[in-house]
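Paired with chain B in one complex and with chain C in the other, chain A is shared by the two complexes that follow.
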Partner chain A sequence: MRVLRLVAVSYWLHLKMIAVSVFEGVFQVIWPIYFATVAFLLYGRSDEPGVLVYAGLGAAVMGIWSVVTTTASGLLQRERWLGTLELLVASPTRFALVLVPITTAMASLGLFSLVSTLLWAWLLFGITVPVASPLAFVVSILVSVFSVALLGFLLSVAVVRYRTAWAMGNLLEYPGWLLCGFLVPLTLFPSWVSWISYALPPTWGMQAIRASAHGESPWLDVVMCLLVGLVYGVVGALLSETVLRSARRHATLSLT
Partner chain B sequence: MTSLRIFFVGGLISFRALFNWLSPWIYVPSLLVAPIVQILLFAYMGRAAGQESDAFYVIGNAVQYSAIPCLFAMANTVAGERWTQTLGIVLVTPANRVALFLGRSLPVVVNGFIVSMFSLVVGGLLLGVRFPAASWLPLALIVGIAAVSCTGLGLANAALGLRVRETAVMSNVLFGLLLIFSGANIPVDALPGWMESVSRWLPLTHAIEAAREVAAGATLAAVSGLIGRELMLGVVYGAAGLVALRLLEAEGRRRATLEIQ
Partner chain C sequence: MVRTNFAGMVPVPSGRPVVRAHDLRRSYRTRAGTFRRERKEVEAVRGVSFDIERGELFGLLGPNGAGKTTTIKMLITLLLPTGGSAEVLGHDVVADAREVRRHIGYVFGGDRGLYERLSALDNLRYFAELYGVPPREQRQRIGELVEMVGLTGREKERVEGFSRGMRQRLHIARGLLHDPEVLFLDEPTIGIDPVGARELRGTIATLREQGKTILLTTHYMFEADELCDRIAVIRGGEIVAEGTPADLKQRVTAGHVVEVETFGLPETSVDAVRLLDGVRSAAVEERGQAQVLIVQVRPGAEVTSLVLGSLDGVNVGRVSSREPTLEDAYVELVSAEPAGAPA
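Moving on, here comes the complex of A and B:
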């Protein structure tokens, strides 16, 4: 019960903190819309039927990836600058339980981007995304958010020794957009690239979202998205303990 | 002589001090790898949509990406000084403001040129795009002019930095507008009418168009009109930026807001 309360309070607190930041707001809502606009203009010139719906759905979801990669990588550095990292580490709670709600709050902010991109597509480009199975659609989105949050958790601890981790996070934004099937079908890539794509939870999440929108069964993709995300979460939890031990031993926890 | 020293020495020192992306840990992922992935992203989108050639996206995005170093570095000439609490010290000096800010622009132009040329070469190699050997020199010239022109917009962006605290957001907003309107990924004449009109007044649009024509075999003389318009826009934005810097500096002094973080 204490754990659930911790997770819920931490999630809500960080969601409020992130949501009021102009910088985060612009990044998470407006930034993907720029790319969505280019995608709509570009795909709008194609004669293929249904291609704009494909682009609309993909562009809407890619904000979830953006928000996590661009902010999670700098998560620990930010706590360090705020002077709260030592307090978080010193608390009796497992470090993973402190970080996962934060990255989940970050990923949830991607939902703003999703809704705003769908509205943008509808209002300016007349693109309506038909959703055949609303329940499956919502479940697919929520599972995608959670899985991407777990990936963000691993990212945040993996780059903790890298003082300019934000640059690494920013770098991951475009490759994710390219490789996860948001705007480019995976069939266009060489087969070895597909292996990378399927190791990333948003690829499965995007497939689940598209399947549920088209009225097909998304459940296998939903389960795979969750499983891949959990693998990232477990690796992140193990890594976070190692990283913390190392930082404590070398007294580098608060070094900016 | 003092103005020349401020222009060259001051500009270089300021660039090294304030453009913290010069660390290879930031420079390589942000300014060398990111533009390549942007090129790949749009080239593959183009392939998926059956629109344009790979060369179209390589040139468009390589030139457009110079906006990142040019806009961000220029904004940092103000925001960076404010962050290190030296803005007041800089602005209290009697230094010639034109030499001061243009000096800070010169390394930015060189950096923007390097980023774009690197993207052009590596992006082309990765996608198997070959440009005629004779086109490389004119391409380099056009890319250099694009960097000048975008740095002109960067000067205006820097001026806004005297009033807007979130200069990174401002720079991203401008970068996004250039991505949509400059014709980097959609031919300007394929944009809706009002967007096409806007794009003609933005930096990079004419340079991208000229670079594509040169890569397709046109001579430099054939695209001189486009190059001239690009250069003119850069000068206009730069001049507007210098005037705005002067006005907003005076405003900042009057309202005592120069150093509010």
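Moving on, here comes the complex of A and C:
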């Protein structure tokens, strides 16, 4: 019970912090819209029916991925600048429990970009995304956000030890767009690439979202998305204590 | 008065102090150069040992870079020692770090360490959760602490609009949320205006009266003198003196101090003064355009004319003689040549 309360309160307060900045909020909305627009313009030339819906959904989820990879790993860097990282470590709470609400709050911001991208697609390009199973659609999105947040958690663990590890997130952003099948079907890639794709939770999340929009069963993909995300979460939790010990040994916690 | 104690008094094995540092050591690896990287090992703390008894306010006094913060960070489990051992309330700081964290509070000076975009109240709520303060007690506890540190009425404002003094008071409140038995205060009054610093010292004195065991690091002698039961002076990572403020004053009460105001004082002249018979130590203090040469004189010795003779060619202003103070003891301790230093 105490853990649930801790996670809920921490999540809410970190979300509050992120939401306070209008500039950051607008940026998180505009950034994915820019790339979504490029995708819509490219796919708009196709005569194939349904391709714009494919691109619309892909572009919408792309925002969640971008927010997490580029900013979730940088969140710990913000804690360094604020001088709060040491205080978080000095508290008796397990470090994994401190980090997960932070990255989940960031991933939740991806929901803004998802909604704004869908609205943008509808208003400017006339793309309407038909959602056959609204409940399954919402569950698929929420599970995707949570799983991507767990991946972000693993990334942020590295930042505890290595100050510039946040840059790793930038490195992952564009390959992730391709590997997770946001805009291009995975069948276009060599078969070995699919191993990497299916090791990433958004791949399963994307499939679940598309399936639920088309009225197909998304549940296997939802479960897989959650499981893969949890694997990242467990690995992150195990690593976090080791990484923290290493940071205490190498005195990197107070460095900015 | 804040006395809610949900943490309870933690029993310490009989005969053992609340905080014990034994031959504590910490070295850092630093790198220099861009292409040709050179690694260097710097010993920040070199075998520090001290005990702090329950309810005692112990001061760790020393200049910048002396190893105060490194020592405190090892005790609060943020740094692993490279040698020696330390325990807090009977728990080893390396093997039993989480248990140590549960019972200690940590407050550092400066305006970092707070979430700027959150209100003071939200900052306190967050840390109350991290320290497992029961939800039913949180509201009352936070209210009491906000009142204690004088932030009542401002607690709903975002921290980004707070002055340095207000932030420091909020830090104190944060450090006390879980009613820790042991408090580590790392230069808490640094950068605060005199009135704010005085108020903060009042708060620290109140905490001591409440029975908290406190380790305070500072480089302000008067602060240590006013607050501390015992003081350890640290220099170059080693403790060079330990005792009550009275003990330390005793070290220099015999003899007197000659102060010479100079302009453009070369280091060679200071070295020459140090070699004079009857001179115990000499240090230089910058005061505006002038450099004031502070000479500690042995009992019975008269060195004023010899000192002035050593300052040949230096513009000399006012010369005065006075009784030694605690600050003189401190200056003498921290400016002496470290043991084993090259002659």
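Keep this in mind: the second predicted complex is superposed on the first by the 247 of 256 C-alpha atoms of A that agree within 3 Å, B and C clash if a C-alpha of one lies under 4 Å from a C-alpha of the other, contacts with A are read in each partner's own complex, and residues count from 1 in each chain.
By our rule, a residue touches a chain if its C-beta (ideal position, glycine included) is under 8 Å from a C-beta of that chain, and two chains touch if they have at least 3 such contacts.
The shown structure was predicted, so the numbers you read here are calculated from the model rather than taken from an experiment.
Residue contacts after overlaying the shared chain place A:L239 against neither chain B nor chain C.
Looking at the shared chain after the overlay, A:R2 reaches chain C, while chain B stays out of its contact range.
Contact with neither chain B nor chain C is seen for A:L15 once the two complexes are overlaid on the shared chain. After overlaying the two complexes on the shared chain, residue contacts for A:T93 are found with chain C alone; chain B is out of touch.
After overlaying the two complexes on the shared chain, residue contacts for A:P185 are found with chain B alone; chain C is out of touch. In the superposed model, A:T84 lies in contact with chain C only, and not with chain B. No residue of chain A touches both chain B in one complex and chain C in the other.
Those residues of chain A that touch chain B in the shared complex are 22-23, 26-27, 30-31, 34-35, 37-39, 41-43, 45-48, 51, 162-164, 167-168, 170-171, 174-175, 177-178, 183-185, 188-189. Looking at the complex, you find that chain B touches chain A at residues 21, 23, 25-26, 29-30, 33-34, 37-38, 40-42, 44-51, 166, 168-169, 172-173, 176-177, 179-180, 185-186, 190-191.
Listing the residues of chain A that touch chain C in their complex gives 2, 5-6, 9-10, 13, 16-17, 20-21, 82-84, 86-93, 98, 245, 248-251, 253-254. Across the complex, chain A is touched by residues 28-29, 73, 76-80, 98-99, 101-102, 106, 110, 112-118, 122, 125-127, 129-132, 135, 158, 174 of chain C.
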